[in-house]
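Next come two complexes built around chain A: one with chain B, the other with chain C.
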Partner chain A sequence: MNGTMLYRPGDSILHRADPRAKIAVIVVVLILALTTTRIDVLVALTVAVVVGLAVLARITPVSYAKALVLIVPLILLLTLLQSLVQSGAAIATIGGVSLSQAGVLLGLGIGMRLFAMGICFYGFSVTTSPSDIALALNKVGVPYKFAYLTSFAFRFLPLLQDEARTLLTAMAVRGSAESSSRHPLRRGRAIVRMLFPMLAGSMKRSGDIALSMELRGYNLPGTRTFYRTLTFRTSDALLLVGLVLLAGLLVGMQWYLPAPFTEGA
Partner chain B sequence: MNVDAPALKVTDLTVRYEDADRRALDEVSLEVVPGEILGILGPTGAGKSTLLQCLAGVIPHHEHSAATRGDIAIFGRPIAEFASLSEITETVGLVMQDPEVQLVNTVVREELVWGMENRGIPVPEIEQRLQRAAELFDIAGLLDRFTHALSGGEKQRVVVASIFCLSPKIMLLDEPTSELDPAGTESVMDAIRVLADEGVTVVVVEHKIEELAVYADRLVAMREGRIEAVGTPREVLEGPAAQDRPQVLDIALQLRAQGLWHDELPLSVPAAVTSWHAMTTDSHLDRTLT
Partner chain C sequence: MSTTATTSTKRWTTLPNWKFQILPRDTRTIITCVFLGLTMAVILQITERLDLALTGGSIPIVSAIVVCAIWVPSAAFYGLTGALITAWINPIISNLTASQPMAPFLFLTNAAHTVPVALLVWLMKSRDKGLNLWQLVLIGQVGGLFDAAMFGIGNRVILHLPWDFIAIQILIVQPCYLVGSFITYGIMRRLVNTGLVPKERREFEKAADAL
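For the complex of A and B:
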């Protein structure tokens, strides 16, 4: 599948894992990331996620390098802003401007959280078939009509990408230098210009899609059958055991290890 | 459902879209018998797609802005008596023009089974219908492919197959072969013929007149919202209402005008070859005898 966040079939441990187990992993990572204020715990969590994806799904940072190009500057910008607005001891002074240590830690903490959660979601979406996501959500209690919409969103991401590409090409062949420019600002202008026709096209298309779904019984009352089934295997149980151990380790780190710096985040 | 009644009966159907300067359909009346393939011809704007949407119940059950008058009955039951579009879809399947908006799942196999799952069809039967559709529409090799990665023609075949899987008694197809090459077109039309032979009623809007001339049992020629002619392909295509004809028929008509074609007018190339062969053999025989 083209596109960075879309499902890529494979045969890794995570590809074969029950999506419910993977959802549990995401929930635990989210809880850990959002409840700790310690930078060392966040670093350990991020490392665990990166290593876990590399080992269990063969997804290395090279796979999400494009996303890193966006995330890393964002983390640096957040850190810089926090270091300027937070008070407390200065970590450095540049040209008479003090950078607060608490601010740096806070910014890095926020960045680490975003990174760990984002990469975790990335790993989930590239290793899980959209229909399996819908099925798993349904099995954990989400009504099918809502669960299906997650699968549906993944179906239409490539469609939007194709439409965007077609519109940019159409602009380029009619002499728009911006649409084929490699300069980010010029390219950005072309993308802004393309957004309205793309939105208008999507709105028009959404009516036809809704009709098409209704024609195939999306709104029918009554019991639905499921062609595919999910099987929770021993390997999934082991994945959850590993997750519990990781969570225990990180919580233990937070409780028993002294904070390496002043608490930042 | 009254199985003795016409599969579809349209009486004085008139449709006008909001802000339109003329009627999309104007007093259209029509009957389609069970198991028949009815082809609808006509230029753009003739009202062909609107007619299909009315037959499927999309107008007025889904598209509310169009003003309608007249009646449609599906196996004798007035369409207005159906509570919802979903109820109509248990009898009538509609394949729309754009395959892209009809593929709502990521993988072809999921696309084919999705509608059956929605209807609560047991899994063993889903599997049977899936295999049948894959065979009939020649898509067995596509089952594990991503829907967005298919070619236009492949998408079209998958969309028709996904409606076929629902086993509707009536199938309405809006240009189902527009993105198909000649081999793909023949494959889909062959499948349609098989469905009709099994008792499914098929109404197909198609611009590929050569195909309709061969596969349809009857043709309807439309223009500006009105039916100009109804009859067998020969009656419609040889008649004055035909706006377009198979090239081979045009050639034969010109040859007949010059006194060079004496046999029955052909609707397809194989028929033309047979006639030509018969005519030339006869003339050879005439010359030999004299």
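For the complex of A and C:
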């Protein structure tokens, strides 16, 4: 959540899994989460993701609880908004304003959706290195020149974070009250002021880096060879089979089980 | 008085010329765009917190002002290549740092801002001169409108927000994009003047003749 890379090297099943299989898992979880607002299905999906991460990657909820807490205000805001705009029986009336039951359930369902998606992405980020993502993208047909940019971006992200911090500190040292102001708009002005030096610095730096990359053969035509390659193993196939089973179970649950609560619009 | 007026007019006239290509593929352009995307990601990490304090994160006021100043120069100087790379670096970072629950959708919303900007610059910019202030404001506003509309669709699909709320959201951020376009104009002028932006060959010839 602090903008630093989450990847931690490890030896769990998910760490060793092919990134293409993990990308497939993410896509399926995303589709499952976005195609329903039924709270029971979304709770089941979230539980499946949490258990899957604990078993396959040894990532317990403790490690991502802090990240999830940050989504809670958004979920509360959404639930309040949905309970005000959705019609139906009122669950409570506060100061003459009725909060609809359907709206509250819909808001909580969307909250569950965000949890499922967030935990799934967290698991992917913790178990997949940027260089593996670049290799996977290259394997699925993205030219290496562009696929490599994923790991390249992560390599230089801390540098730019440092630069932003240095600029804000420099402004404060020179007596600018904006960079340390608690007022969001004044602080916004400080950010506008640091835009030009950051953009100019980025453009200046890229010239040297582009030259050094070209000298190392970044732009060479022809087939590229790799020191490390990806192999799709039996464990990856099993992961995909498990994913298909989970998807079938959740779709079946949605079709054949009656909804436990009345849904929102 | 007249000096002030002249300086002011000069400040808001046509930008100095630069070389625009719709699909540049050289290494320098690609790497520059990655750095611009990273700058965007770093700055958004700060502005998102400011928006959280201002509107609870529901309407990105500060972010809307700041994104113009990075996306528009990137798309205007480096065409569609710049537009797409700069737009997609931020969602990649957001996804892999789990910093945004709507991160997967940012691929679409960001591109919805930058791609129209690149296409409009391609249509409106002549080879002989840079863009006017009104052209840049128009381009920024169209990009902002597409961005806000796509963000609204995302809010509808993922968060099931009501259309009325989405319409208000879109209307509130439009003035922010307008303010952002004026800031962008100043930043683009300064960036072209630094000599870091690729120039037309004839500009070099003109400079050589002047020397």
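Operating definition for what follows: the second predicted complex is superposed on the first by the 201 of 265 C-alpha atoms of A that agree within 3 Å, B and C clash if a C-alpha of one lies under 4 Å from a C-alpha of the other, contacts with A are read in each partner's own complex, and residues count from 1 in each chain.
The criterion applied here is as follows: contacts are C-beta pairs under 8 Å (C-beta built on N, C-alpha and C of every residue); 3 or more make two chains touch, one makes a residue touch a chain.
Just so it is clear, the structure is predicted and the values come from calculations on it, not from any experiment.
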*In the superposed arrangement, which partner chain does A:184 touch: chain B (first), chain C (second), both, or neither?*
second
*Quick one: classify A:30 as touching chain B (first), chain C (second), both or neither.*
second
*Name the contact category of A:114: first (chain B only), second (chain C only), both, or neither.*
second
*Go through the superposed model and pick first if A:77 touches only chain B, second if only chain C, both, or neither.*
second
*Check the residue A:222 against both partner chains and state whether it touches chain B (first), chain C (second), both, or neither.*
first
_chain C versus chain B, contacts on chain A by residue_ = C
*Looking at the overlay, what does A:230 touch: chain B (first), chain C (second), both, or neither?*
neither
*Answer with first, second, both or neither: which of chain B and chain C does A:85 touch in the superposed model?*
second
_In the overlaid three-chain picture, which partner chain does A:154 touch, first (chain B) or second (chain C), both, or neither?_
both
*Using the superposition on chain A described above, determine whether A:199 touches chain B (first), chain C (second), both, or neither.*
second
*Can you list the residues of chain A that touch chain B in one structure and chain C in the other?*
1, 7, 130, 152, 154, 205, 209, 211, 213-214, 218-219
_Sites on chain C touched by chain A in the complex_ = 26-28, 30-32, 34-39, 41-43, 45-47, 50-54, 56-58, 62, 65-66, 69-70, 73, 85, 89, 92-93, 95-99, 101, 103-104, 157-162, 164-165, 183, 187, 190-191, 194, 196-197
_Touching residues on chain A, where the partner in the complex is chain C_ = 1-7, 30, 34, 37, 64, 67, 71, 73-74, 77-78, 81-82, 85, 106, 110, 113-114, 117-118, 121-122, 124-125, 130, 133, 145-146, 149-150, 152-154, 156-157, 160-161, 163-164, 184-185, 187-188, 191-192, 194-196, 198-200, 202-207, 209-211, 213-214, 218-219, 264
*Which part of chain B faces chain A closely enough to touch in the complex?*
56, 58, 62, 84-86, 89, 93-94, 96, 98, 100-107, 110, 113-123, 126-127, 146-149, 162-163, 166
*Complex contact set, residues of chain A against chain B*: 1, 7, 129-131, 151-152, 154-155, 158-159, 162, 205, 208-209, 211-220, 222-228
